[in-house]
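Both complexes below contain chain A, partnered by chain B and then by chain C.
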Partner chain A sequence: MTLLTEKTEQRTEDTTHKAHGKARLREHLMGWLFVGPFGIVFLAFLIAPLAYALYLSLFQKKLIGGTSFVLLDNYAKAFTDPSFLSGAWFVIRFSLVAIPVQILVALATALILDAVTTLFTRFSRLMIFLPYAIPTVIGAVMWGFLYSKSFGPLTDVFGLFGAAAPDFFSSDLIFYGLVNVVTWQWAGYYMIIIYAALQGIDPALYEAARMDGAGRWQIALRVKIPLITPALLLILVFSLIGTLQFFNEPQILRYLAAGTIGPDFTPNMYAYQQAFKLANFNYGSAISFALGGVVFVCVYAFLFLTRKRRSFLR
Partner chain B sequence: MTPLSRTAGRPGTRRHLPVQIFLGFLVVYFLVPFWWVVVNSSKDAPGLFGGGNTLWFTGSIDYFGNLERLFTHDGGIYGRWILNSTLYALAGGIGATVLAVLAGYGFARYRFAGRRFAFSVMLGALMVPATALVIPTFIMFSGLGLTNTIWSVILPSLLNPFGVYLMHIYARDAVPGEILDAARVDGAGELRTFLQVAFPLMRPAVVTVLLLSAVASWNNYFLPLAMLSDNRLFPVTVGLGVWQGIASANNSGSTSLWSLIILGSLVSVIPLIIAFFTFQRHWRGGLSAGGLR
Partner chain C sequence: MSMKKPLAAVAAVAVASALAACSSPQAGGGGGGDASNCTNKITKTNLPAVTMWGWYPNMQLVVDNFNKRNNEVQVCWTNVGQGGDEYQKFQTAISAGTGAPDVVMVEMDRIPTFQIQNALVDIKKYGFDAVKANYSEGAWKDVSVGDAVYGVPVDGGPVAMIYRTDVFDKYKITPPKTWAEYEQAAQKVKDAGGPLFGDLGSNVSALTMALQIQKGAAPFTYDPAQPKAIGVKLNDQASKDVLDYWGNLARKGLVGTQDQFTPEYIAGVINGKYATYISAAWAPGYLTGAGVGKGEDTGKFAVAPLPQWDPANPVQVNWGGSAFSVTSQAKNPELAAKVAYGLYADPESLADGWTNQIIFPLNLTVLKSSEFVDAKVAFFHGQQANKEVYVPAADAYKGVTYSPFGQYYFDAMTKQVSAIIGGSVTGAQAADNLQRDVAAYAKEQGFTVQ
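For the complex of A and B:
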């Protein structure tokens, strides 16, 4: 693969730059000098661990007989392991609810901020973005306080209406409790990206649409949203990759929601438990890889459904 | 609220009132956790658990006493965590940014052999779940004796493919090839052309990538949680997580720890909030121009 692309590139470049052989050599050299340092880090901390994880996942450590090569046994085990399957099903369901909620909040807010500029909207933009600056762990700790029965405000607030406070740590509501935490954490960041994309649109287009009789809503729906589709797709793909790896928030809230969030709540938590609590690195690696497979399938399915594979990451 | 009343008189803004109310609700929602933390870090343990309004101050407001307890608890370990987080964020952020700027510029401005292949491999890496790398990296590092050292947290943070992607697009769009050629014709070497001509043009994106990678390092939890066992090396995220685990496990005996966790959360977010407000204009410029269109 490398050789092939190199050869074809070389050939086209050679025909166009026949006279500048020395300059071409220098260009190759300089290019690699600039990219090289990152390339070394990339090989050492991405390619090597990935290859090593794949290697590890093909072995099993037994009490008797030591480590043995088992090919895909770990994967067969993972995809029939109820802990892995229920975790994977949870993150998929969670993505289907949490991502649309976050993007809708972000999109609505960005459209408003793009259309209306007052001091208050500028102030709101900053405040809504603020949670992005907060580590996810601290965000989860903060919401843990707010959900808490012993010192959270929910009891007081619902008490005003004579209602019992919802317990977001119960198995019925933990899903929504977590949707709320990630929406709070990420909606502002997505809002800023969408807002930046909206600001990049040429205002002359709105003028043209207005001449054709389009109102505010039509301009938003028919002109603005189609033009920022690449930014929306980028956000969707990154949030999908991030959400399927869900770890920090449930890991932190686990202490408070004892019994509701088990150690196998998400695939990543399960891999962590296998590797670092049970020292079962082979199976932990296999789960990480299986999760990587789930991420790949979901992202690919998403890109296929939207039929926008080409416009993404040109 | 002053901004609202000051602009409300102007023609054309009054009909935006529903929109402004909607935004007002959102602002309240996004600020509630901060407000809760600001209010409750003023309280002592009895104030915290004594019932009363959890969204308002009690009679005794004791920020200084709580701060003193926070920074002296367990031999001043909290201060160490903050310093560790700062070190990891600066080293990881600056290192990742330097690598990303060089690589992004190299990809954008040199047509070298293997460029297209290397670039598509890097784009593919954006899809790799970052956490899948933690387990094998841990085993590799433990073979090298690097686990439970600062390097086990800093070195993997140097990897930021998204930063390279951003820098590539920015360098491609904001640094015209003609300017570089002109510099070369004038006799500037490649390095000088990069440092004196291209780099100043790329500055907004550099600030963006620097902030994004520093924040990513500061926020990192899974990697240090896996790598570090010595609590004197913890970043503040892992440290507070551990405290929270202890406090939840023995709910009755650790009421004073809860007030430390609350104030600790507040103190730990202040540096980031200051950084974001200070560099607001810079990083937004980088994001909007940085190809996220």
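For the complex of A and C:
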């Protein structure tokens, strides 16, 4: 539109101005038209609920005495609440273990699939990706049965060697049991992202590296990995945000893990319990926002630490 | 793990909207008398409809019976989930101020929780006197807060000891009459290489509470005339003794520590992994539904009275049992009360309930009838379980005062029992922790704790 109007500049200044204005207006309208549907959904289903939850979090409702405005009391309570703090500490510890494991598995499989080209690579890629296509809830139920001492294969497998099967539902091992479930679920998805990034690298670079005498290992470590750093950072941020909000898997497995997973196992579960089981929507909202704060701080700290790298959020 | 949502709060809100989205059509179009969303088919469409939530397995039949016989009102029934699932939806509807049904099925221990939020209606003025004689005093006490009545008792859960006859025969033991004998029998079976004797589940707080009450504990005292004051006594000697007793059984490996109602636990019950199952009168219905008592373990179960602490002064307790309550969101409370009073009251529905052992009826016309008392229960291989065990237990039950924050109390208890199972606390310590925790919560909720 702009181009067209600019080409017809023989008109008087006045009319040109008007034409410009009209075109710009139309342009604006077109823009809003395209953004509009998304904007409405965004406002109605993200901003409005967020604002309402924030509003709720400033009140306190008691069984005796009703609702009162308490400003930030709920937040002060959350950050001194052992249940919230232990949950937050758990997801932070969990992130420190689960995220590197997932990324290493994803990176290793992606590098292998990138380097090796056989008939099976496509098939393998699909198979490794498949867990991501399975809904988390179903995945968690499935693992629940695999871990089970009565139904699961673990008892039989370990029985072959005359050993007792590890109980992944015990409080000692539930951490690793969950790391395994999460890795199974997400490593394939991350692998696809890394694999796509690897495909985007100019093969001429490999040739150059080979001419410089680099072996396969060196190409992988010195050429490929540095070039896909932005993709790795993207995955790290995704997984960090996701892991800190850990909810589905423990929520499902708590029905199988005899008391190991309490209602305050992770902050998200705790918020859910407060809001929907104890009808404490105010405190539940405050926990959600407090967790949002923790996520924000962690992600910001992470981006700050990696700011020198090329990042997708540069 | 939800990856797509950048802020935690969004997740909570998304869950909220998802829940709202799921439950609103089932709530009968926002809880009103909209009959178009019922699970059952209403044929007399010219009559006013009352919406109702409930989860008894035979509810379809009960509702159809009621609708067929009644020419004044029709019931629009939805099953929104069992126990906790339903309470969660009801609680959300209470908080929202809309979306609740007219009549709701609740377990008796939850009535004060909803009553204190003014979510239930006192139905005394809607025909209480006409049906008063149909239920025992204990049954009425469990659905009352003070003098006000907040539900119509339907079924109860007198607790007894279900046991495996094959295990008892093999290890040559007889049903223990006291808890001391229970422990001795457990030790004997274990020493002979037998299965676990019972189970300490962290998710059955109501049962644990009942067992504490059996020893003499009185967890809560509450007088609705003084709604701000509540007595919380969760760490008296009786409560500590019972937790220590079960904690010791678990520590010695005499009983399992599996959560109950899980596939793992049911599989154990089917496979004879547990010699006894301390549970309520509704348990056979639940177990049959889960596949117990069929196939290889047919005819292996029997029932004996609950072991006692002091056999000279036996105490009977109750686990579960439920009632129909009228919600304060009911459009026409009087009509709703008619439904609550009449729904599980006709002979055909009652008979179906107990003959299939789905419920243990509290209606005295059944409870006193010889058909019921003398019935030979199929699950117990023809044993006259009602006459020998359950009816005496129900008759001797005195009723309990429940707390207005039942959900919190049960969750806190679950946490402590898990800690006992994990070995980090003794039963006595767990009781002290529980007292501290629940008393603090009560104070936070505005009560003065005595």
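One rule holds in what follows: the second predicted complex is superposed on the first by the 285 of 314 C-alpha atoms of A that agree within 3 Å, B and C clash if a C-alpha of one lies under 4 Å from a C-alpha of the other, contacts with A are read in each partner's own complex, and residues count from 1 in each chain.
Just so it is clear, contacts are C-beta pairs under 8 Å (C-beta built on N, C-alpha and C of every residue); 3 or more make two chains touch, one makes a residue touch a chain.
Since the structure is predicted, the reported quantities are computational estimates derived from the model, not experimental observations.
K.L.:
Under the stated touch criterion, which partner chain does A:Lys62 make contact with: chain B (first), chain C (second), both, or neither?
P.N.:
Second partner only, chain C.
K.L.:
Is A:Gly259 touching anything from chain B or chain C once the two structures are fitted on A? First, second, both or neither.
P.N.:
second
K.L.:
Which chain makes contact with more of the residues of chain A, chain B or else chain C?
P.N.:
More residues of chain A are touched by B.
K.L.:
Now for A:Ala196: first (chain B), second (chain C), both, or neither, which partner does it touch?
P.N.:
first
K.L.:
With the two structures laid over each other on chain A, which partner does A:Gly284 touch: chain B (first), chain C (second), both, or neither?
P.N.:
Both partners, chain B and chain C.
K.L.:
Given the touch rule stated above, what does A:His28 touch, chain B (first), chain C (second), both, or neither?
P.N.:
first
K.L.:
Looking at A:Lys149 after the superposition, I want to know if it touches chain B, chain C, both of them or none. Which is it: first, second, both, neither?
P.N.:
Once the two structures are laid over each other on A, A:Lys149 reaches chain C alone.
K.L.:
Contacts for A:Val41 in the overlay, against chain B (first) and chain C (second): which applies, first, second, both or neither?
P.N.:
first
K.L.:
For A:Asn74, is the partner it touches chain B (first), chain C (second), both, or none of the two (neither)?
P.N.:
neither
K.L.:
Between chain B (first) and chain C (second), which does A:Pro135 come into contact with in this model arrangement: first, second, both, or neither?
P.N.:
The first partner, chain B, only.
K.L.:
List the residues of chain A that touch chain B in one complex and chain C in the other.
P.N.:
Residues common to the chain A contacts of chain C and of chain B are 45-46, 49-50, 52-53, 136, 145, 150-151, 238, 241, 244-245, 247-248, 255-256, 258, 268, 271-272, 275-276, 281, 284-285, 288-289, 291-292, 295-296, listed in rising order.
K.L.:
Of all residues in chain A, which touch chain B in the complex?
P.N.:
Listed in rising order, the residues are 1-2, 5-6, 9-10, 13, 26-35, 37-39, 41-42, 44-46, 48-50, 52-53, 56, 105, 109, 112, 116, 118-124, 126-139, 141-146, 150-153, 156, 184, 188, 192-193, 196-197, 199-200, 228, 230-231, 234, 238, 241, 244-245, 247-248, 251-252, 255-256, 258, 268, 271-272, 275-276, 281, 284-285, 288-289, 291-292, 295-296, 299, 313.
K.L.:
Of all residues in chain C, which touch chain A in the complex?
P.N.:
1-3, 5-17, 19, 84, 87-88, 91-92, 94-95, 116-117, 201-203, 227-228, 257-259, 262-264, 267-268, 271, 404-405, 407-408, 411, 414-415, 417-418, 421-422, 444-447
K.L.:
Enumerate the contact residues on chain B facing chain A in the complex.
P.N.:
The touching residues are 3-4, 6-7, 13, 16, 19-20, 22-24, 26-27, 29-34, 36-37, 40, 48-49, 53-55, 98-100, 102-103, 105-107, 110-118, 122-123, 125-133, 135-140, 155-156, 158-159, 161, 164-165, 190, 194, 215, 218-219, 221-222, 226, 236-238, 240-241, 244-245, 248-249, 251, 258, 261-262, 265, 268-269, 272-273, 275-277, 280, 284, 287-288, 292-293.
K.L.:
Over in the complex, which chain A residues touch chain C? Could you list them?
P.N.:
Touching chain C: residues 45-46, 49-50, 52-54, 62-65, 136, 145, 148-151, 171, 182, 185-186, 238-239, 241-249, 255-260, 262-263, 267-268, 271-273, 275-279, 281, 284-285, 288-289, 291-292, 294-296 of chain A.
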